[in-house]
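The chains carry the letters A, B, C and D, assigned in the order they are written, with residues numbered from 1 in each.
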Amino acid sequence: MHLKKDDVAKRPPMGWNSWDNYASGVTEEQLLDNARELAKLKSSGWEYVVCDIQWSDPLAGTKSRKGIVYKNFAPLTMDAWGRLIPAASRFPSAADGRGFAPIAEKIHDMGLKFGIHIMRGIPRQAVHARTPVLGTNQTADEAALPNSICAWNGDMYGIDPASKAGQAYYDSIFKLYAQWGVDFVKVDDICHEHLYKDAPYGEAEVEMIRHAIDACGRPMVLSLSPGPALIGKAWHLGRNANMWRITDDFWDDWKLLRDMFDRCELWQRQGQEGRWPDCDMLPLGTIGTGFGQPRKTRFTREEQRTMMTLWCIFRSPLMMGGDMTRLDDWTKSLLTNASILAAQQTGREPEQVIKDDMQAVWTSLSADGGRYLALFNFTDGPRKVSCSLGEFEQTVKEAKDLWGGRPAQLENDVISAELPAHGAAMYHLRG
Amino acid sequence: MHLKKDDVAKRPPMGWNSWDNYASGVTEEQLLDNARELAKLKSSGWEYVVCDIQWSDPLAGTKSRKGIVYKNFAPLTMDAWGRLIPAASRFPSAADGRGFAPIAEKIHDMGLKFGIHIMRGIPRQAVHARTPVLGTNQTADEAALPNSICAWNGDMYGIDPASKAGQAYYDSIFKLYAQWGVDFVKVDDICHEHLYKDAPYGEAEVEMIRHAIDACGRPMVLSLSPGPALIGKAWHLGRNANMWRITDDFWDDWKLLRDMFDRCELWQRQGQEGRWPDCDMLPLGTIGTGFGQPRKTRFTREEQRTMMTLWCIFRSPLMMGGDMTRLDDWTKSLLTNASILAAQQTGREPEQVIKDDMQAVWTSLSADGGRYLALFNFTDGPRKVSCSLGEFEQTVKEAKDLWGGRPAQLENDVISAELPAHGAAMYHLRG
Amino acid sequence: MHLKKDDVAKRPPMGWNSWDNYASGVTEEQLLDNARELAKLKSSGWEYVVCDIQWSDPLAGTKSRKGIVYKNFAPLTMDAWGRLIPAASRFPSAADGRGFAPIAEKIHDMGLKFGIHIMRGIPRQAVHARTPVLGTNQTADEAALPNSICAWNGDMYGIDPASKAGQAYYDSIFKLYAQWGVDFVKVDDICHEHLYKDAPYGEAEVEMIRHAIDACGRPMVLSLSPGPALIGKAWHLGRNANMWRITDDFWDDWKLLRDMFDRCELWQRQGQEGRWPDCDMLPLGTIGTGFGQPRKTRFTREEQRTMMTLWCIFRSPLMMGGDMTRLDDWTKSLLTNASILAAQQTGREPEQVIKDDMQAVWTSLSADGGRYLALFNFTDGPRKVSCSLGEFEQTVKEAKDLWGGRPAQLENDVISAELPAHGAAMYHLRG
Amino acid sequence: MHLKKDDVAKRPPMGWNSWDNYASGVTEEQLLDNARELAKLKSSGWEYVVCDIQWSDPLAGTKSRKGIVYKNFAPLTMDAWGRLIPAASRFPSAADGRGFAPIAEKIHDMGLKFGIHIMRGIPRQAVHARTPVLGTNQTADEAALPNSICAWNGDMYGIDPASKAGQAYYDSIFKLYAQWGVDFVKVDDICHEHLYKDAPYGEAEVEMIRHAIDACGRPMVLSLSPGPALIGKAWHLGRNANMWRITDDFWDDWKLLRDMFDRCELWQRQGQEGRWPDCDMLPLGTIGTGFGQPRKTRFTREEQRTMMTLWCIFRSPLMMGGDMTRLDDWTKSLLTNASILAAQQTGREPEQVIKDDMQAVWTSLSADGGRYLALFNFTDGPRKVSCSLGEFEQTVKEAKDLWGGRPAQLENDVISAELPAHGAAMYHLRG
């Protein structure tokens, strides 16, 4: 039932994802260590622990793969039905066919939810080994399209929507995930990819996956990657998925953050209950360990606030990318500002009011009948950013400074603030 | 003030436009004849009378121009300030510098509003004659960009936003239109045009025009053409205009009508008070007279209802294109169905629920707390089109058939109707 | 040595290829039957017998594959080094590791030369089986690029030019072909293919193949497919290959034949000894058997002559595509017209003189100091096609009609002929 | 007669052009001063003196136009037939309707030939003034296409090939140029321009101009600009023009010079008597005066030799761009190296032998039965560049060093030279 689909993500999801820090090599221990830290922030709304790509590759992240995130033709751990399972060398509890169930259980016991990353399609090694497809008398090669591949990872073939084995294969993996206790699936290589001129968005595969989730017996959030998703497919994305990336991979680079304002402008009317345009993970605190270059985020503190402000007023899902086990106080303060997060969870009708080369202004309605207002300075120096109150029908008696230390100036029906380079301010206006 | 901008079109405008029937050659007499007929439908909401393109060309539409809609380098009627004025040979009341004022007054006296078409820019003949620009000591050539031209009409040069004379020229023409009593301006060659790779949407000129309207002292609806507008510019369009074309010129051809479903899918979340994506004129009844080929619309009756249903549930502006003086009863019935028009005027949150190669289903909320539901059959034969009520949270006790003769079938939480080829049904659901 | 490269094809090659008639399913018997017929035309210059695609697939062309030219993930016959070998079920003499050697020997005994088709790359089944690469301690997966695939055939992965195993693999297959006695290799999926935006022409693989041929110890003609090759790569193609397709697959359709005039115009200056732009096979006589639809060529007799005339004056290689065992007298006459073929073998400086929507005229120099002149009628009715002799410095005392029955008219320094619809005439002019 | 067309440029033209130094503002005095200097080099082959763009604009190049090369809507000097004539303020001898005739006569008296630049089309000021077209009863507006404009200059409208007045207008201007004694016409905005997606090459206008030259009664070289010309139009260019630019404007920048090797590779087979791909002017010595920034060429001496070597072995036309009145000895030595220029004038079959990221090698046949060989170093440091003699059939007893100081090394059938950064060597090989 499609409606139920939206019920699993009535508000934009919040959580932690392993990619920004551990790349393709996260281990069970790291996953659980981070989960334990995330659980401490649960009251702020942080909920999902997502194990990102390549968890079935026993050697991913090991020294033998120095600097290699995706190894061509790496042997993957797979069951007899051609389904990828966690590599026991990295996820010891997965041994003996238990898969991610033990980890999911531990995470559930922390009061959190558990998510995994998958690539669309069926493993090439299953196809060439002609493994049987569960519930059919067909084999993996009958489910696959030999020329439907990912541009940047060689593990999978795309599924042939015209084949019976294809839907059966997707059904078989999502039933397995349901058994494991998976609550969130990030499907990759499906939302926008660069190899195929003619199929930048895999509509048929999205529909097969939607069907498989609906049939698997467990609610799961469906998240689509990578981006940028095509705005022309907004309706189809919303019908079938709960969140979808509106950007290519996001990292700690001002150019990418500045660019996100353009993407949020484009997608501002597309978010609604159960259907969320996604600005990608938050590269905060310590990141990059799995890429061989652990580092503090390159964003200035002002840029970090700007990012949080934009993601929240726009209502993007929030997935912390940094190492939770090394969370510093500053970063923690960003992740636990209740007023800012309230905009993300309960704001309504987010809208860009002003955007030019120098600045942007966004607003949304707050749950208490007031209004959020965010001011952004794009320039490399300080700048006063202003907005006429005539832009929206709102009398303003009070403008609460949600980050603090940056009080609003109200004069002649104009609200303004002095903002440092790349800085932001966010206010809660009440009449 | 931008907010005021939206106030002039809180609901999607309805009216009549001269293009579909009179092409570039409409006359004062024809304009007023059609206005008088439109006034009879005023209680249904029909309000604007819009004189389309080329009204300053004395010979447009005359026998000497047989089959020529746009004559290269045609001499245009112009005042001393390089402003185009109505050709007195076609609009006799415009003589002696009265411009469109007498016509506007007559139309206002009918209880209607008056609109005109303009091309973006400044007349080439003003530029090459170096006419002065009102309120400046500059001349027309100083306001123009020599390489900013329209792909399909040779009258104008685009305005240079970096010049002082440019904004002054736009201010000067909108002040004139305000004096005339113009209520609606359709600006052409601005919303999407095909010649310039690098500037498919004239942002800077849109902003100059917005400024000129805000400064002219009279509220005016700003309508942008032609289309398709770029979805990536949705925010800018909404900030500056009241309606904008989401399609190239629309005519009575099923392929174009079928295509409009794709365009409405794309733009479905962009309409709001004062900001309306526009599906273009309604080629109903008798059209094409000015093109030398008067004809009855080529749409079947089913297709005509399909068009009205889509335009109304989507909340497109409605501009009748057919000859009002030859309005037949069937066409009149389409234009006066109060229940259908109510969806266009007061429906909220229009949303496509289903669309595939065979069918589409749309819904919106009605003002009384009920819901509109529209079913569409894309196929060339009869087809039963259905929708699960689970698609939206709505108990359904009654499904009122708004066009009549096509009662809904309600069974097991599925609502359906038997629809003829290219046909539609529209219902008002109440719980 | 590059110079030697050109020596194997000083004149544009002539031969027969199995594709047009047998598709992917030609057998040893069919190959030899056709070779025997071709040998009878040897005195006209016909020399190469080329076994086209999929000869390692045991089931290709069998009833179990009804209508399927390329079977996804079909098991291919392969040796221990990951090299494809002929399927013994279709090529019985290939059993026991003899490969194509026995067939090559028989064809050589007929006084002919033997060619094979290959896809660029290394079999996916070798890669996933990690077969060793001859002469290295590496395996097939170390030679392959997982995302370098063909758009229309799923057998192979492209070779990684940065890997040692890659060049070694190419060397290993060409050494095998040399042992078999192969004289001609048509490499497919390399000249222009549509999947990869960023690599429409596989320069690095062409260079590896060139290296492998130069090192294999036997002269071989290198033919590249499919087309259209990119004109911007003309120099690289000429440096490395002996012939390359300037068109996508050519069939018996006037539109394709008309289009070839545009392609020949584009490539007219690029042919020289050892380096030939290739107009593709001649779909003459009986073709299509292997596609399940044997048919007489759909070209009219006039169109057939037009094709032969263009291919010959342009100096394209000539590869008969029709069934040699069912060669009718008419078709045979096309293939054995010594005067026409002389233009292909020995003409110099072919040049288009006239081309417009109605007609074309080509000329080239003949070995005896005279000149060839070809007149073409593009229209669907009869037309007189003319050319001023002033177009080239040639006194004309005699204009020998090379096809016969269509004498030239010479008047006032203009040569002309009455040509039927889609017809051609070809003359040998002498001063 | 087309053949005659090629006769006016049997060898690639050599001359001087005013653009690189004087931009749009050259004067009669400057033109003649430069001509007198060029005449001193006549024995080296330098022949054409070409007055580049905007000679009918009285104010071009004056102080009132500081920094403005093309003034929007500048009033141009024009005769009663809408034909542009030289501005007498800049070309005093042109007064009283004498046009360029006096200047042409003076230049002819120096033993040189005279050329002018024109934009394709008809002046906009003629069109809007509706001036009569000579030899017709039509006016300029009837010859023009209102939307056929240049992307970077606003003077002209393109000519409508469907109009009678169009060909008549072109005929009228070329007859005037013939009366003036013009020997060379550089037609601009016709060979490749960027505004019009659908018409990057003005085939119809090229044909009208060809017709007008053939009919004007005086032989004239037809040179087409700007570039890059489309290789797909090579045949049409060769049929109608004598030279055409294969590059956008060329300046003294190594990136552009390096890029020219790619362009010469592309066009290497297209040059022949009367038909020359053109690498653009030589920015040598002092240039840029008219742009307000006179400077010595930014090319190093090595780069200057590299440029001369490439242009000459490729057989590009040579048009000196620098100030002839300030010619220094070094630059003069580049322009008068008889051996190098002989390759440009009489070399045959220029061919690129090697090109990769580091180097290139070119060869051509010399008139005496020997061979030219040019070695180029693309790297930023010294490099030994080599070529196997096996690349061409040529025994080599002597390798004459044509620039001097860089003797060839001959060893084991390999010829090589040590070249400095961006340097070149050129040899004449004899057996």
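We adopt the following convention: contacts are C-beta pairs under 8 Å (C-beta built on N, C-alpha and C of every residue); 3 or more make two chains touch, one makes a residue touch a chain.
Being a predicted model, the structure only gives us computed values, none of them experimental.
Student: By label order, what chains touch chain A and chain B together?
Tutor: Of all the chains present, none is in contact with both chain A and chain B.
Student: Taking each chain's centre as the mean of its CA atoms, which one is farthest from the centre of chain D?
Tutor: Relative to chain D, the chain whose C-alpha centre sits farthest away is A.
Student: Centroid from C-alpha atoms only, then distance chain C to chain D, rounded to Å. What do you get?
Tutor: 40
Student: Indicate the whole-number Å distance between the mean C-alpha point of chain B and the mean C-alpha point of chain D.
Tutor: Comparing mean C-alpha positions, chain D is 51 Å from chain B.
Student: Chain B to chain C: how many Å between their CA centres?
Tutor: Between these chains, centre-to-centre, one finds 57 Å.
Student: Check each residue of chain B and list the ones that touch at least two other chains.
Tutor: Within chain B, no residue touches at least two other chains.
Student: So how do the chains connect up here, line, ring, star, complete, or something else (other)?
Tutor: Its topology is that of a ring.
Student: Kindly provide every pair of chains that touch.
Tutor: Listed by label, chains in contact pair as A-B, A-C, B-D, C-D.
Student: Where on chain D is chain C touching in the complex?
Tutor: 1-3, 231-232, 234-235, 265-266, 268-270, 352, 355, 390-393
Student: Under the touch definition given earlier, write down the residues of chain B that touch chain D in their complex.
Tutor: Chain B reaches chain D through residues 72-73, 124-125, 127-130, 141, 144-147, 149-152, 154, 194-197.
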